[in-house]
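Heads up: the structure comes next, in structure tokens.
Read from first to last, the chains carry the letters A, B, C and D; within each, the first residue is number 1.
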Amino acid sequence: MATIHVQQADFDLGAETAALTGGRTDIGGIGSFIGVVRGTAGGRDISDMTLEHYPGMTERAMMSIAETAEQRWFLQGCTLIHRVGLLRPGENIVLVLAAAPHRQAALEATAYLIDWLKTRAPFWKKERFSSGEARWVDAREEDDAAAARWGAL
Amino acid sequence: MATIHVQQADFDLGAETAALTGGRTDIGGIGSFIGVVRGTAGGRDISDMTLEHYPGMTERAMMSIAETAEQRWFLQGCTLIHRVGLLRPGENIVLVLAAAPHRQAALEATAYLIDWLKTRAPFWKKERFSSGEARWVDAREEDDAAAARWGAL
Amino acid sequence: MKILYFAWLRERVGLGEEDVTPPADIDTVARLVAWLGARSSGHAAAFAPTPDGRRLVRCAVNQDFAQPNSPVAPGDEIAFFPPVTGG
Amino acid sequence: MKILYFAWLRERVGLGEEDVTPPADIDTVARLVAWLGARSSGHAAAFAPTPDGRRLVRCAVNQDFAQPNSPVAPGDEIAFFPPVTGG
């Protein structure tokens, strides 16, 4: 039931939610998270960001984690969309949707999926500052800690 | 920054999200939860549900809790929409959106707001079964427990 | 004093709203419940405890949640309703 | 053996992908890293530890995350990259 996309194009939150739930009457709640490009990093202005990924491994790993979440929380479906390529501040980066009979499963699965995407999915961000300088973003230890609370991934 | 609506009409998830974030570049993540009318309760088919509320107190209480969440998680904004009147299985009941610089604040605030709406906002559901029989939904103790984890509300 | 009833309390009382003028010694939510319960069989049914003694009715005074010992006064808006089930 | 490089490893090596045929005793990720590091100054820079000795490079063998002692063999697809920063 999982929908997985790695794409340059933006996603449509309403359309993806409708596709996930469309016509069903057994879903009680849909959790979602959208990640957005921020306009500053460490107090410096960002002009844009480039997302690189590992084609093949990315989709395979995303499908695997989506199926794990569906089983762990008895989800009725979930959607993972991650954008790649050049993105500007204010643009969407990532979408997670999780549908379940009850809200706590939907919200926990949403948190799990985004924690996992941050720490185990092969994507890398390169920020370009308004000065023209560019740098690869360092991994954050808080992200590993957030992912670790779910046990072995 | 909070947007509060109590309305019979459905909401548009994409439009509400765009209204919350529109043009800003300081938001890092948007958490959301949508509650949906399920087609069965206790194994019996539901034909529809009627949501009653306490006009005046509802909006006042929703605004108060939204402001509390905005301060506690340093939100950049949040949206609470609760539908009232006659709703059928598969229809949306409630929308929570929370925008923050980082994902954990956005997701925690989303969970807090929906837990609060379930336990402290003056709404009441009456289910009508396909048999024609109708009954007021009983409050769930799990909901009180979920709300209690946030401390005094 | 303006009294509001919601959900199954409204159905049992048979009214969504009524204006009442209780005696001056009816100065808490608990005393008001006892006084209202004597107004009609519908009121009595609405405020009756369950067979296992649980208090099912919740109260708000001037749109804030209140307790049995919360004060009530002339001019207040006082609402009675079951535990909430929205969301 | 197909070797892939991503993010700053790709930039330092100067290649996104290369086909290599290491000797038969290059049978773990750690040995492959040592062998690849000797191919060019770009490779050496890519695989160098930080001044404080942290291992910055992550590896996947046939698209699964791997460890320094994970086996590698002819025909494998082996990718090197920094800790991930998506989401």
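Definition applied: a contact is a pair of C-beta atoms (placed from the backbone, for glycine too) under 8 Å apart; a residue touches a chain by one contact, two chains touch by 3 or more.
Quantities reported herein were computed from a predicted structural model and do not represent experimental measurements.
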Using direct touches as single steps, what is the fewest number of steps from subunit B over to subunit D?
2
Check every other chain and keep only those touching both subunit A and subunit D; list them.
none
Taking each chain's mean CA coordinate, subunit A and subunit C are separated, in whole Å, by 48
CA centre of subunit A versus CA centre of subunit B: separation in Å?
23
For subunit B versus subunit C, what separation do you get between their C-alpha means, in angstrom?
26
Cα centroid separation, subunit C vs subunit D, in Å, comes to 72
Quick check: what residues of subunit B touch more than one other chain, meaning two or more?
35, 103, 114, 118
Spell out, as numbers or ranges, the residues of subunit C touching 2 or more other chains.
87
Quick one: do these chains touch in a line, a ring, a star, all-to-all (complete), or other?
line
Chain pairs that touch, all of them, please.
A-B, A-D, B-C
Per the touch rule, the subunit A residues reaching subunit B in their complex are 12-15, 17, 21, 23-40, 89-90, 101, 103-104, 106-107, 110-111, 114, 118, 146
Please output the residues of subunit B touching subunit C within their complex, sorted ascending.
35, 51-54, 56-57, 60-61, 82, 93-94, 114, 117-126, 136-140, 143
For subunit D, which residues are in contact with subunit A within the complex?
4, 6-8, 60, 63, 65, 79, 81-87
